[in-house]
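Below, chain A partners chain B and then partners chain C, in two separate complexes.
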Partner chain A sequence: MLKRPAFHIDLKTCTGCKTCMVACKDKHDLPEGVKWRRVTEYSGGNWVRQTDGTFAQDVFGYYMSISCNHCEDPICVRSCPTTAMHKDECGIVKVDHAKCVGCRYCEMACPYRAPQFNPQIGMMTKCDFCEDFQLQGKAPACVAACPCRSLTFGEYDELKARFGEATTVAPLPEPTITQPSLVVTPGRTAKAAHSDRGRIRNPEEL
Partner chain B sequence: MMKSIGLNGVDRRTVLKWCSALGGLSALGSGAGLLRPALADAGAAATAAEAIITSSCNVNCGSRCLLRTHVANNVITSIETDESGNDEYGMHQIRACLRGRSMRKRVYSPDRLKYPMIRTGKRGEGKFRRISWDEALDTIAAKMKDIKERFGNEAFYLQYGSGSTGGLMSRANAFTPLVRLMNCYGGFLNQHNTYSTAQIATGMPYLYGINAGNAMSDMANSKLVVMFGNNPAGTRMSGGGIVHDMLVAREKSDVRLIVVDPCFSDTAAVADEWIPIRPGTDGALSAAIAHVLISENMVDQTFLDTYCLGFDEAHMPADVPANSSYKAYVMGQGPDGLVKTPSWAASICGIPAETIVRLARQIGQAKPCCISQGWGPQRHSNGEDACRAIAMLAILTGNVGIPGGNTGAREVGYVNPFSSFPVLTNPVTAKLPVFLWTDAIERGPEMTAFKDGIKGTDRLKAPIKFIWNYAGNTLINQHSDINRTAGILADERKCEMIVVLDHFMTPSARFADILLPGTTNLEEDEFARSDYVSEMGYVIFGKKAIEPLFESRGLYEVCADLAGRLGFKDKFTEGRTRDQWLQYLLDQSRAKLPDLPQTLEEAWKMGVLKIRNPGPPDVPLKAFREDPAAHPLKTPSGKIEIFSKRLWDIGHTWELSEGDRIPALPEFNEGFEGYLDPARKRFPLQMITHHYKQRTHSTYGNIPWLKEIAPQELWINPMDAEPRGIRHGDLVRIHNDRGASVIKAKVTPRIIPGTVSLPEGAWYAPDAHGVDQGGSPNVLTTHRPSPLAKGNPQHSTLVEIAKA
Partner chain C sequence: MNTAEWPLAVFTLVVQMAAGMMVLSELARMRAGAAAKRLFAGRDIVCFALGAVGMLISLAHLGNPLHSPFTIFHLGQSWLSREVLCTGLFVATLAVLVAVRVFPPLTRTIPFLARLVPLITVLSCLAGLATVYAMARVYMLVTVPAWNSPSTLLNFFGAAFLLGSLGIGLLASVNWTVSVPADEKGPGNWVIATILLGLALGLGLKFAEIPFDLLAGAQHNARGESILTILSDIGMPVFALRLVLPVLASALFLRVLIPAFKRDGNGLSAPLAVFALFFGMAGEFLGRLIFYSTHILMGL
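This part shows the complex of A and B:
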């Protein structure tokens, strides 16, 4: 098992296909409404109609696939009133269902919306980094699924060494909030975190 | 603790919600507790007895993916994909997209047809009663005999469909057991063209003799790639297919990629530049780029003189008027007298003139440059001309037939030689343009070669009286002008029998007279072949994962039973069982693919055979480029026919609808229901129908997982939404004289103003007033065919939109 399991996403190749979302839903048999992995569509830009019937524009857009970042300082753990949410010895942030009361404080606290309420069991659920697959020597379902090979996983420090310092791009929150175990390769049109150039365009799909 | 929550904006209201949640939970508490051990037990049982069986996703996306189906106690528990090897390119993993990964939900959909049924209500009403397989097949056989006797074999039509594609024994089109059945029975009315490619597959051969482009992986050899309406990230989503080829090639070369498209597609999201264009105006843009290339001496004159006819007045066929050449057309000496300057095109295309000049210079200066197009630009009323116009950019710059270049057509690649199921020969020679089947129901014997594009005969003998609709939704959903089609189908005196064999109660299934439940490919043994790939082909050996659900049966079994009832079982089966046919096809193919397994048992064990294409990526017309005399093209002159004398003759002899024309040159033809159509006064918005990740055409259109994460929605620019009072997420009514559809608006800058896009394939769902509530674009599209191919112009549609 990894010491600090982390995901890497390459925004230069992610086409927003959402295969990671479905692979996750199938692997963990998640009901409708429960999405351990979510793909955000972030886009923006303006259009100006010119006198000759043409348009000037500076439109851009890209996708961002996020599950749980198994943060070093997980705000969900800090927010949990029952200590159900915890980080285990392998660095995986987990819900102890013997303790979870489904209050959803973790969901409200997490800036990545990683903890997901499952109404069928009345408790929180979330990405467990496909721990069972890791024990079998397999990649997490989302990583193995990615048709564009945009997702990888590994030891945080090794991913950082391989893909560069964790860069924060919009629409991700400041990493100082939770210290996410996430390494991002920005795409060609990536905007800085807190940029006002674009916004999340698919809130209903998240 | 409270401090950290407080930092994230928890207020008193939220705390109150928390209290009520707690209250709710205490009421449910014991129930939740009881659920936990039950879930754990199910998981443990699944692990203990689980088998992993190789399967495939056989739908018509142009890819074909490997699935690994986990089965416990005859129940599919999950679906994984190819995880073999180290994923090295050339022997890479065939990773399924989101649709293939939801296959479990498709197999177990509550919409599954469970047993044969016969219609009890009006046709299309969707009212049926259960019957036995014997009664169903007896009824079909009796009606087949009756129709054959009264109208002959030309009255039988095998509806276009692609819900099952890529398999050998279960595929919907062409080499399918259904074709063999009908050929044994004396034949059926053939079709030519497809709903995917009618205009480009018809138009390109007039230019090149073929319709083919360099393999996608060859873009690693390019200095610039310009894609017109080509969106591999949306249309070739397999991780073993074209989008992967594109990304790998790009990683190798970091080649600059420009996407010309009305939409900021998912391919544009990873490209270097997006040039938004009004739909149907690619011909104008191409002519203006040509103007810059000619004016600034960036054309490859040696290439044009050596390999082409029709560029300038010195290379024209006899017997055509002066100034009929392409150069004369572009420079304003042709019959229209218009100089095709960038500012002329700008106001048509919506692209600033300086952007056109900049694009032209980039194309002219990059050596080699890959000009490619998808099938969006051609699915228009002027598609036959638009596709050739785009190709002119490759021809003018001499990029044809070389690595890193392209013809301007869509990419091809490794062609899988694995044998098809043998279907014998169709004794009927008549061929109908696939888009005109409703006309053949209404006025078959009036349809002729010169007026309706009938091939194989001058005139049809009979109207369509019997429709086989297997694994397809073209009967109502995917064909244009749904309300018109529904009216024609509703009249039982016209088409007398419609048989549907499918998995679900699709919109088309509702129009069946006899409705038969089919197996999915996970419920029978099946081989599947790679489709569009660059350098690696494959054959997937899919073993039956579970027993057929309910009373469902496979296509071959149904056809064999009918062959028995019609008196030619031995001719149909040749004494083989279905598995013996698979073995036969395996043996037939081994000469071409020596690494194929010997037996079915070995095949199931192997799961997949990957075949690496030897040599560099495919470059069509390479031999012609190297030696045009030794390798002439399949055009009358053997050269690239920029001016086509054949089209000239057709344009002067065919009976065309008012306003239609068939130009000999690859010129901008306004077409109907485009940006310049006066009808835009009433219906000011152009509507296109992009391919969408939720579905492959209409397949997977009923899967809640996919509808949840990729809901059907209308793309509309804020500049069009705001004056109409439409906000993101609002329900809107899209309408024109043909119909109306209601769906949610996606207000997005990712589409050019004046154009909306409603993704194709959503299931038609009329309310009590006949207004579609499913966002099905074909309630709005026209049935009027394109002039030459007689193809479906489904991106040439004018609409208006209002808040619903």
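This part shows the complex of A and C:
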């Protein structure tokens, strides 16, 4: 097992097909409305006046596939009143269903919307990094399903060394808040985390 | 409007009201003595009922209420744990006060209990204030900028003093009507002045909150959600009603208190105080639902 499991997403190659989202729902048999992995469509742009008086457009758009980032300083764990939300010895943020009261405070606090309430059991659920698959030496379902190989997983430090650290890409929040175990390869048009240039266009899907 | 959070809206408001009632009545009693005691008869039972009902209603918010005893397991980091503990202490101290009032033989069986009553009353007031503070801190999340500002503290303490003064005013007016001898002239300036001070403080804190809300109003998240867009979805008439109702409640309440202050023999009007509390509670309930609607999470 990994010590600090992390996901890497390559925004240059992600086509927003949402196969990762479907694979996750299928693998974990998640009910309607519960999505441990979600794909954000982020776009923006406008007409920009050039120095010669003409106008050019700077329209941009890209996709961001996000599940739980198993953060180093998870706000869901800090907030949870019962200690049901915890980080295990393998670095995976998990919910202990023997304690969870279903207050949804973790959902209220997480800027990645990772903890998801399952009304069928009245408790919180979330990405468990497909721990069972990992024990069998297999990749998480979302990673295995990605047709463009935009999603990878591994040890955080190794991914960082391989792809470089860039988690300050919009629409992600400032990484200092929770220190996510996430490495992002930005695309050509990617905007900084605090950018006001774009909007999430598919909130109803998230 | 986020009506799904009605259990939280009711829970926070009734517990804040109970805390405000305890603090204001104790302040009045410290200066007014026996006269205040008679006017505030039944206070402990009313506050205990509010706290207990609030706690029971808060369970409706939980997906798995059977696990609620675990909610005090994370006092070191979670403000929600601290809120649950403070609320529990507040209601527990009120329960002891009610037990002493309802079963006077208890103080004969356990003599030192009678001596402890003033201390338990002070502890109850402090626990009430701590509960209101912890409640506000629960929502001051770094990931929700609209809530992570002094406006949440002003909102919650404002509600405690506004509803507390209306609540204790109603109780005093009912006791005045029912049990105070007809030849007695007025309920005492200190009592009235303390209730008026509570009302002014509550309303003042509510209005002091507005500039902070306006500052946060223009900030939006990556989804384009902001306080302004949410208020426009809810509708300006609803928001206007939320502002008008507490002012209406305060105006009605002044109509109850000012004649008593002048000691013109009219005393306190219980029916008017009922309307004042009704309008005050309706305005705060609407305001609390609007507050929960402004959960504008940064990030995704």
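One rule holds for everything that comes next: the second predicted complex is superposed on the first by the 195 of 206 C-alpha atoms of A that agree within 3 Å, B and C clash if a C-alpha of one lies under 4 Å from a C-alpha of the other, contacts with A are read in each partner's own complex, and residues count from 1 in each chain.
Note that in this section a residue touches a chain if its C-beta (ideal position, glycine included) is under 8 Å from a C-beta of that chain, and two chains touch if they have at least 3 such contacts.
Note that this is a predicted model, so its numbers are computed, not measured.
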Thinking of the overlay built on chain A, is A:P5 touched by chain B (first), by chain C (second), by both, or by neither?
neither
Where does A:P115 make contact in the superposed view: on chain B (first), on chain C (second), on both, or on neither?
neither
Tell me the contact category for A:I200 with respect to chain B and chain C: first, second, both or neither.
second
State whether A:P171 touches chain B only (first), chain C only (second), both chains, or neither.
second
Between chain B and chain C, whom does A:P140 touch in the aligned arrangement: first, second, both, or neither?
neither
Counting only touches as set out at the top, which of chain B and chain C does A:K18 meet: first, second, both, neither?
first
Just to be sure I read the superposition right, which of the two partners does A:R49 touch: chain B = first, chain C = second, or both, or neither?
first
Quick check for you: in the superposed arrangement, does A:R78 touch first (chain B), second (chain C), both or neither?
both
According to the contact criterion defined above, which of chain B and chain C contacts more residues of chain A?
B
So the chain A residues that chain B and chain C both touch are 75, 78-79, 81, 101-105, 108-109, 111, 121-123
Mind listing the chain C positions that touch chain A in their complex?
61-65, 67-68, 70-74, 77-81, 84, 138, 141-144, 222-224, 295, 297-300
Can you list the residues on chain A that touch chain B in the complex?
12-19, 21-23, 25-27, 29, 32-33, 35, 39, 43-47, 49-50, 52-57, 59, 61-63, 75, 78-79, 81, 97, 101-105, 108-109, 111, 120-123, 138-139, 141, 144-149, 187-188, 201, 204-205
Chain C-facing residues of chain A, complex:
38, 40, 42, 64, 66, 75, 78-84, 99-105, 108-113, 117, 119, 121-124, 170-173, 177, 198-200, 203, 206
Which of the residues in chain B come into contact with chain A in the complex?
1, 4-5, 8-10, 14, 18, 21-22, 24-25, 28-29, 31-32, 35-36, 39, 78-81, 83, 87, 95-98, 101-102, 104, 233-234, 237-239, 243-244, 247, 251, 264, 266-272, 274, 276, 343, 346-353, 693, 704-706, 708-711, 717-719, 728-729, 746, 748-750, 752-753
